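Below are structures written as structure tokens.
In what follows, chain A forms one complex with chain B and a second complex with chain C.
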Partner chain A sequence: MDKIVALGIDVGSTTVKMVGVNASGDFEWNYLEGSDPRVEDQVDSFLQRFRTETGMTDSVPLVATGYGRKLVGQAEKIVTEITCHAKGVFKQLGHGGTLIDIGGQDSKVIIIGEEGQVVDFAMNDKCAAGTGRFLENTAGRLRVPLDQMGEVAIAARDEVAISSTCTVFAESEIISLIAHGVKVEPILKGLHRSLIIRVVAMVRSIGLIPPLMLSGGVVKNPAIRKMIEEESGEPVILPEQPQLMGAYGAALIAQKIAVG
Partner chain B sequence: MDSIEIPKRIETINSFKAQGGKVAAVLPIHYSRALFRAFDILPVEVWGPPEVEASYGGVHLQAYVCSIVHNALSFLKKGGLEIADFILVPHACDSLQGLGSILLDFVKPTQTVAPLYLPRGKRTEDKQFLADEFRALARQLSNLTGKEPGDDKLLECIEREEQADLLLADLYRNRTGLGLDNLSFYRLIRSREYLPAEQFTELAQTALEKHSARNPNGIPILLSGIVPERMEVLKAIEELGGFVVADDFACCGRRLYPKGNERDPFLRMAERIINAPPDPTRGNSIDERAEFLINLAQTYGAKGVIFYELKFCEPELFDLPNLRNSLKQAGLNSVHIEVDIKDPLSNQVITRIGAFLEILE
Partner chain C sequence: MSIRAKAESLWNVDILGKNVLAFQRWQAERRPFKSSKWRTDILAEPLRIGARTKELIGLHYLEGRYANGHRPVAWVTSGGPVEILQALGYYVLYPENHGALCGTRRAVVDISTEAENAGYSRDICSYARTDIGSMLSGKTPVGKLPKPDLLLACTNICQTVLSWYRVLAKHFNVPLILIDTPFVYKEAPQHALDYVQKQLEDSIPTSEKVAGKKLEYKKLQQTLQLSKDATELWLEIMGRGKHRPSPISVFDQFIHMAPIVEMRGERVTVDFYARMLKELDERIEKGIGAVKNERKRLLWDNLPIWYRLRYFAEYLGERGISVVASTYTNAWGELAPLIDVNKPLESMAKTYIYPILNRGTQYKLDTMRRMIDEFHLDGAILHSDRSCKPYSIGQVDQRNRLIKEYGVQALLLEADHDDPRAFAEEQVAARLAAFVEMLED
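After this line comes the complex of A and B, so read on.
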């Protein structure tokens, strides 16, 4: 492992991610766990873990992003997740385009320019129906483990249209469908479609500039990528660690502070 | 100068009434302040207001009507406009026209309610039409007050308003040298919504005399939309590293009415509104608006435009995609932030503004 010169932390609504980079901005270390409302304590425990795992005792600059970024008193700088995701993805993939980030409680579309700069963006953060929480809630209702629901949805031959545009009402609709004897698999496929249609509509509202890229924790679900490709008609490119792109981008900004 | 003492709305109203005057509640956007003052009526504008329990208006209004109209109707139904002797509802948009009809046909407040129809053009006929609207309104105000001001009195009131508007324009021109933060500047500008012209003139002169040598920090930006509510957003912009150098708000910059030339007072009042900066509610084209915004940004050195828009505001939102596209082609970045004035300022809005300022950095 090369010497880590900077750290980035993404305090998301569902998970907290920390990434350490070397002087060249390469990924060297990372850690992720569920979000704790006591943010500063959690950041302290992350920093402790960083020291323990890497053996580093020197202080390095930390940049914070994510919805809880303002609560990270240890940070040298705070930057929005839009800028950080763009920086992280551009560094990993080496080109601009349209980035979709689907997080636990929001989703974003970011147009990244040829030099890695944010050109435009759109966010959905008022309605859970366009976020990972939509699938999480409904998976719970269907009693399908979250990490299996994508595969189950892909494997389904049939698909049921979910008409409710609200997460809570969608749950009621699921209960009604089950009561009418509809199987779980087509319901799951319909739920994924419902989420993706909203996300792709947001892409269209801002204007798709290929290639289409994807980041965020929800990307671990294989149905998301497949259905975005189906709905947008564009192939989707993934960075190596899509869930860590916000923290990675923050670390790259911290690296600029470290190396001057 | 970090702030300026501005008389409060209720104090101003009470003081005006104590001297024998009447008060008119005026809905957005365009009307003639001078016409009311000629009848010894103080026009006090109702842009919402934001901090109202908005459900009272929901009985009469659809969910897709903007929060200015929802809040205004709720405010009225809760008795907030009882202090007013007259209510004017200019036809700025379909929702406000609908509000006028609801008030006249269903709610029937104790005060006289009058609509004001605005032309959507700049032709001679449009000016004549608006002048006739003002004549009709004058007859209603005469019925209310028993007064019949002549042309000289009307022109005197118009000239007083022109003087106040010239100072308003001076405040904008000297924005960076006033030493006022975003919030203090807009509190001052928006006091024009209720202060008598002579009081606003005094305040503006005081602000201009206290010219500060301190240069403001921050990324220069331009704001556009209907109204900067909740006003905390102005403070948030500053904390995020932005400095508002100019605006295209319906309640502020779009009402920098130029001085008129007509000698007929009614034509003069109409002329001033028709020659005001472009506004979609007065029928200006997207091209006119784009050209205006690009010039405004160049004049004040703005690096980007924040379209701070009310949800469901049709006149604004219909224009927005093409307008933003025109600005983009001219190399001017913009962002669209959508808000409801009845909602507190959210972290999501702050994140969007923060991200936009990071783009401009």
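After this line comes the complex of A and C, so read on.
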């Protein structure tokens, strides 16, 4: 392992991720765990783990991003997820385009320019429909474990349309569908479709510049990628560790501070 | 006319109020500026003219308080052709301006709830809700509003005013003059101008009847001249924003625009703006910028967010960003050249048909582009105002086109000009932070 010169941390609504990079900005180390409401303590324990696992004792600059970024007292700088995701993805994939990031609490579309700069962005953080929370909430009703939702949805042959755009009303709609004897699989597929249609509409609203890329924790769900491709008509490129792109981008900004 | 009302007004306004306000202003002007609240580390000290703004507006509302009974009172929409009324000696009240004042004083939720409880939907413009709430409950941060003897609504800003003023007319049981201004796509056709002029002419007998006197043509000309002079000065003031660093930000403009809205045809307004212009020129000479470390310059589109002016000024100022031009404040100056005192009614028809909100969305886009060039701007914040549909329509396209065709950064920010319940703290902060990073990158 090369010497780690900088760290980035992404304090998200469901998970916290930390990434360490070397002097050339390559990915060297990372750690991820569920979010703890005591943010500063959790960051301390991350730093402790970093030192134990890598044997490094020098202090290195830390940049924080994510929902809880303002609570990271240890950070030298705080930067929004928009900039961090763009930086991380650009460094890893080497090109600009349109990046979709579906998080637990919001979703974003970021247009990345040819030099990795943010050209434009759109966010949905006012309504749970269009975010990971939409699936989490509604799938809970169907008793399908979160990590299997995608497979179940893809495997479904039929699909029912979910007409409610609101998460709460979608839940009532599911209850009535179940009451009418509709199977779980087509409902789940319809729920995914409803989420993706919203996300793709957001992409269209600011104008898709290919290629289309995807980051964030929801990417682990294979139906998301597949349906974005279906709805947008564009192939979707994934970075290697989509969930860590925010923390990676933060680490890259910290690396700039470290090497000056 | 009641002698008692006249005497009360003489005592409370002309003798007491005027002098107390002038004394307070005199004191404020002499005191060296000190405030723990104002961020002098990032912003220039407030403009000295602020003491006069306070005096002028204070006096205006004080006059209003004692107007009923000895002076005709008219309530007028912000884009209303007010000069005829002023020439007839009316005390003119602008409910929208009062609404803005309620916004800066954080009184809107309380007052608007009165209207909502009476059945007015929260989807109605927050100015209308605040005004109706105030009408129903008597609540206002200025003490007391005078009752109207006449209402004047002009549709050159929106159609909301049409229904709003009908509600007022029914409640107060007073005549309503309606000036209907056909929408202008490119150029206003002659028949549309004639139509507006005819309505202006037709409004005179009613206005005269309520005022109890005849309109003097000379007086109308004088009022128009004062209106033109003040408007031209305002236009020049805004133009000073072209300097780097800009001596004035739009947040200053939002505060100091009150007289141009509600006291357009008065002598004091002309003097006030002449003085303000002088102060700005002094700033330019000394190289003082409204934002101390001006690095980036922005445009503001749509109404201000009245209850958050300081938040925006400080957040952006801290990052060296000065917002130096706005389509909103510009609307009160851009029509000055159309006023012609030798053709009062004809030129008024023109002036009042051409406000930005009565024109196609292309015109607004063109205005923004012109400002980007003339003011050397790096980007734009487009406030998507939940209340003001005519101002907000087209903003998604306008924003996209500013970015794609004009290569500047642009942010659409959803809020409401008066109702803080439509302002999502975290979401606004998240977008603003990402936008600022984009500007700096």
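Just a few scattered comments:
Just so it is clear, the second predicted complex is superposed on the first by the 260 of 260 C-alpha atoms of A that agree within 3 Å, B and C clash if a C-alpha of one lies under 4 Å from a C-alpha of the other, contacts with A are read in each partner's own complex, and residues count from 1 in each chain.
Please note the rule applied: contacts are C-beta pairs under 8 Å (C-beta built on N, C-alpha and C of every residue); 3 or more make two chains touch, one makes a residue touch a chain.
Remember, it's a predicted structure, so these values are computed and weren't measured experimentally.
Clashing of chain B with chain C is the outcome of superposition onto chain A.
When the shared chain is aligned, chain B and chain C each come close enough to touch A:83. Touch criterion met: A:123 reaches chain B and chain C at once.
Chain A residues in contact with chain B (one complex) as well as with chain C (other complex) are 79-83, 117-121, 123, 125-126. Those residues of chain A that touch chain B in the complex are listed here as 67, 79-83, 106, 117-121, 123, 125-126. Those residues of chain A whose C-beta lies close enough to touch chain C in the complex are 79-83, 117-121, 123, 125-126, 205-207.
The part of chain B that touches chain A in the complex is made up of residues 335, 347-348, 351-352, 354-355, 358-359. Across the complex, chain A is touched by residues 396, 400, 403-404, 414, 424, 426-427, 430-431, 433-434, 437-438, 441 of chain C.
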